[in-house]
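You will see two complexes here that share subunit A, one where it goes with subunit B and one where it goes with subunit C.
Right after this comes the complex of A and B.
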């Protein structure tokens, strides 16, 4: 009895102690988020104070070797460690960064870059032409492990070191997207010394020239970066010069979206990325927080028909589905106005986006029914249309996980298609069966989005070269092929004249909508929510967060 | 054979002192009787819902009214609407079918297989007993939910696979209880008499032993329905349930989870439905046990007939 009383006493004391500690913490956090100055001048005044920014990342990276990986989260972190040769502004102009100037050869096959001469890597080694060559050669190595960087280098042939600070990059054929690709963190320049020093472990020990240096990495917990004090070569989009304001950047790895939001609300982090729609709405109304959104360039999320497989190889049937789906009501219900509806295969922030497609077609169930009637599909049992005794079914495949509420989208589409007598079968599976279906082409409809900077993403999505084979799954889920379109896709990436190039991309976008090759659904906005005392989080062109100008006011 | 008496009393009701709550001076309290009545009423309602949901649900469960998304509970939508604009009450009414179906069929399937294994082991004894019970022991070392999770992850999400997963995880419990029952009954004089008469093993097991082992099986089955519903909902919460147009309660709960700070009703009411159903089934199971089950650790229920 007495012992249990002592235990009780201890418990009570501990609880009180803990409560005091916890309340102390939360009190501190509340002050920091409510006592913030609301004006940007006040924020400016305290920028030199530095401080530590905690940022919740959605997921956990495997490597920080941007030259090899293909995962977005890794490029987002890499953006703050590595600099690129050039920078792309939101209006798609290319500006000098680590390269001061460049020249393109008359045959469009070679780019000669004059590099900055005052740049050093975090390990003290100088940045020079040899470093650029080492990086590009490594990423383009056909036998190498690079995934995305290799694609971005396209028909890369070689790099030549002309002198210490002049490098010439050669391609096998004209490759216009190169400058835009070179602006991405994927082609950010890593220290060649670090390749030698760390070998396979360079992804765990990244060394760049960027505004932040890598400090430590606790797997599945956090990655710590610190200010590069000698930094003086900011990107063309930066708002100040010299080193970054922040002393330290702590990236907390929190995959679960609800946890990310509550970490922000409880003050455990000052900012968090990838906020779900319902919380974006709530946080925007809350005076203690601000929400930033950037529409990612590249491909939009589209319901992609298997254009090869009957009966959906018939354009009339696809157009019937296009007319029957009420994209607006789906997107507005699920994303509560935070995701814009997509009208094209390309996102509005991409070069060459054709805004004339907007509001180009309407929901028209009557027209959809008429198209199906004309194609010979008559309403049969259970109000499902039939032809030659076969019901009109549309088999949809996707991965489990309800990423960006895609499973919910398809449930709504299923109901809407019921109204025109199309039976939709939904098969949401794990990666194994999903990839098998992609390889064999045994589906009618699949969801697909492909972010990327350049409109050349259309080639990724619709070129015959990117069809899945029985061996491996590729990116042309539409299994689309048309010799004329194939030629336009090629012309477009070789065309040096920007106006002409945009013209071709517009033509392509029109074609894909008119033929209902895919049904664009939404444009993905990358979101960052932060406490009001955080300012200056910017986004580079593909939409990755840049912390160079970020500051915390007290 | 005295040590055989103890496994005859399933652990699930051994040492329970809950009756003291319900019994006041030997009589059942009014509160407990009300509780039982309420449970019975609730279960009856849910069974009616499951049989003919269209009579009770004010809306179609697939109707997505996009102009009325995330409506709070009110006059036109009693329990509110979800983010598709579907009526939560109608979804719960229609979902009751899946909940009961999974609960009952998992117990029927898992219970019969478990009972068969347990009874065979208990009756045959020796090698077969050791072999079967080691198999059951192996299954028992894996926590039920983990076992079910693995099975349904391997089989893929579907209603049928969900039932299989839940039933497999309930096999060991039934097998152990039935083995104990059979062991206890086997040593009774009337079985010896039947054996002396030259009755076949099959006949002894099914005609003489089975009727005496039935009541613990029924009680355990009733209780099992509750936990099977809970487990089934848990699995579909994790996305391993059926992907039909009409969601079950577990997937409703999971859909509503990320909206809990904006629209609490999406997750709350399906969660409440699961809780109430499981609690009433368990209360009724308790009641059944009190009525027909063995009392105070004896196995009297067996040989009085």
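Right after this comes the complex of A and C.
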């Protein structure tokens, strides 16, 4: 009797022992000193010996191969590992970075870059014209697996190595967005040697020229980067020269937003990104923290009509919905004033944003009802409008996950549209059925945001070339096509004169609002909250955090 | 005894094969094509798609994919992830220890706390301690684990800063996640132990033991509890399934590594080989633990041994 109880006790002791051992193994790498970054270390630290910054990222990357991927989080990490040929400042001027200077051919089709001659990759190989060519050729390869980089290279034709440090990039036609695109981490330069050495594992072993070197990656846990001690070619936006201040940058992968905030508040991380609205308000008031916000350039979050499918192919119906939705009240009640309401398909921080669209239309339920009446939709059973025996339904699709509270937005819209007799069906599903719906066009309305840098993002959103097919889902969720608009989209990316180019983009933005092609809802502010002893976290032009100038002080 | 073990092992293999078939067919019945998800939102030529489909064997007839898959699994080859080309077995093994330590510790918490509360509750039945314990276990069962988790983080990480709120590392990282799941399990076990204790306490042999003059402590802990443990042990075996499912939520909440996270990410991305591998792995674990539970009856109850 006694004996068997002793056995039970032993079992319990052994289990606890095993748990301790296993939890030790599961750290996945050797960093264990990150439990609580004590300020005593930081007390002695001047900017020159920066210590270790822990930063909570909102999610887990699949790869760090920026040339092949399309996901924001991967570009955010990549920004600190890879440098670009040029840098873009917030006022949209382009400055030299890895390229010291460049010339554009008179026909606007070729860019000749003179490169810096003192740059080496983290693996010790030299950065040169051949490296640039290897990267662009790889990303533009029509048979390759590149995703976003290929779009950013547009009508890319070839790269020519003129001499060791001069490279000429040729396009099939004029492509004005190229310099702005080249400034992004997506077109950051990777070591060609790493392509050979790691094959399809490059994404797990990134090698760049940037201020931080890749050290290790424990999936779903953390990515560790360390200072590139030989670094002396900072971006044009940087505030100092030489190597980064921080010795180490530990990126903790915490997708759950509440956990990200608790980790900051419990001192486990010194900074965290993508802070939910209610915490932005609280942390801004807390003297121990600071909150930084950047309005991401590119496309805003918009409810995007399927412009091809009846009955919503009728502009009057779309205008009715546009007039019936009270965007201000939705955005203010959900985001507590931390997200600005959007008025255009483009974000205010994008080149060519048309601020004259702001307050350009009002909520007008009467007008909405009138438009629907005129179009022949009469109120029927259950106060839902009907025409030829069919109820007026609006089928909305989105991905699960309630990203940025989009499910809450759509539920509020659903309530508001009841007032004008429109029945909204909401279908929020996993990726499989969602992508299928996008491919077949079997939806009336979809939520879409597309951050980017250049206003050429409008082509991504509205060009016929980006319609989904049965083969794959694409970015023109609006299934929009108009020959004149298509021509303007092309004129805009070929126009070399910036003023004229801005003019075309303003015209386009006005068209999309006047025709209610989409209903812009909010502009996404990328947020970083950090402890007060952290300084110098900066943002590059598309809004990705840059840790080059960051330091930990007392 | 040997016959029992062999019998159970054979059943386990059949169950595993069934799991494999179910997982395989379910994923093919779901809408959405993994290759399209991989390239979503991007202009890619039909040729690239055809190449990818061929590379992953998705262009083969379904039955061929099925038999090829079974053959590979028997050779320990779970294939490569569609998303990052990593070997599935390597990927899973990197995450497995984190899940095991989480599940084990939460089991220990659930069992120790559950049995203790259950016994106390039965011994002091209908008195205030019993009412309090029953209220606590009802609370434990009714509260969703993620809510308990957030509450624990607010108290122990944000307010007192005793334990980390997220991540993986030493033993201190596993305490809060395990407690969040363990508390729920403890509630279930406490109620089960209380019920079967009360049943056993009214058996004639207890009256005999007391009449024999045995101290009450010996009666309760060595005789009543032992008789009450069988249903509780069965429950513990099933609890493992609950805990593995709960790990999907808890690993996300605490940003831990683990199989739960892998399964969740893989399902969202329709990463077929990873989903299949992960489910097969957790199913095997579940089957092994239930095998152990069945065998433990023979230790607890001699009657099972003899039959």
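Brief remarks on what is shown
Note that in this section the second predicted complex is superposed on the first by the 509 of 554 C-alpha atoms of A that agree within 3 Å, B and C clash if a C-alpha of one lies under 4 Å from a C-alpha of the other, contacts with A are read in each partner's own complex, and residues count from 1 in each chain.
By our rule, a residue touches a chain if its C-beta (ideal position, glycine included) is under 8 Å from a C-beta of that chain, and two chains touch if they have at least 3 such contacts.
None of these values were measured; they are calculated from a predicted model.
Within the superposed three-chain model, A:333 lies in touch with subunit B and out of touch with subunit C [touch as defined at top]. Contacts of A:253 after superposition: subunit C is touched, whereas subunit B is not reached. In the superposed model, A:95 lies in contact with neither subunit B nor subunit C. With both structures placed on the common chain, the touch criterion links A:196 to neither subunit B nor subunit C. Using the contact criterion defined above for the overlaid structures, shared-chain residue A:279 touches subunit B, although it does not reach subunit C. Of the two partner chains placed around the shared chain by superposition, subunit B and subunit C are both touched by A:430. When the two structures are aligned on the shared chain, A:500 is found in touch with neither subunit B nor subunit C.
Annotation for subunit A, partner touching more residues between subunit B and subunit C: C. In the superposition on chain A, contact of A:475 is made with subunit C only, not with subunit B.
Residues 258, 430, 433 of subunit A are contacted both by subunit B in one complex and by subunit C in the other.
Interface residues of subunit A facing subunit C in the complex, by the touch rule stated above, are 1, 4-5, 7, 12, 15-16, 18-20, 22-28, 32, 34-36, 56, 60, 62-63, 70, 142-143, 145, 147-148, 150-151, 200-201, 203-204, 218-222, 252-256, 258-260, 262-263, 265-268, 430-436, 438-439, 465-466, 471-475. Interface residues of subunit B facing subunit A in the complex, by the touch rule stated above, are 62-64, 66, 69, 83-85, 153, 156-157, 239, 243, 245, 255, 257-263. On the subunit A side of its complex with subunit B, the touching residues are 257-258, 261, 276, 278-279, 281-282, 326, 329-330, 332-334, 400-402, 408, 411-412, 414-415, 426-430, 433. Against subunit A, in their complex, subunit C makes its touches with residues 30-33, 36-37, 39-49, 51, 83-86, 91, 94-95, 97-98, 100-101, 104-105, 107-108, 111-112, 150, 153-154, 157-158, 161, 164-174, 178, 222, 251-258, 261-262, 265, 267-270, 299-300.
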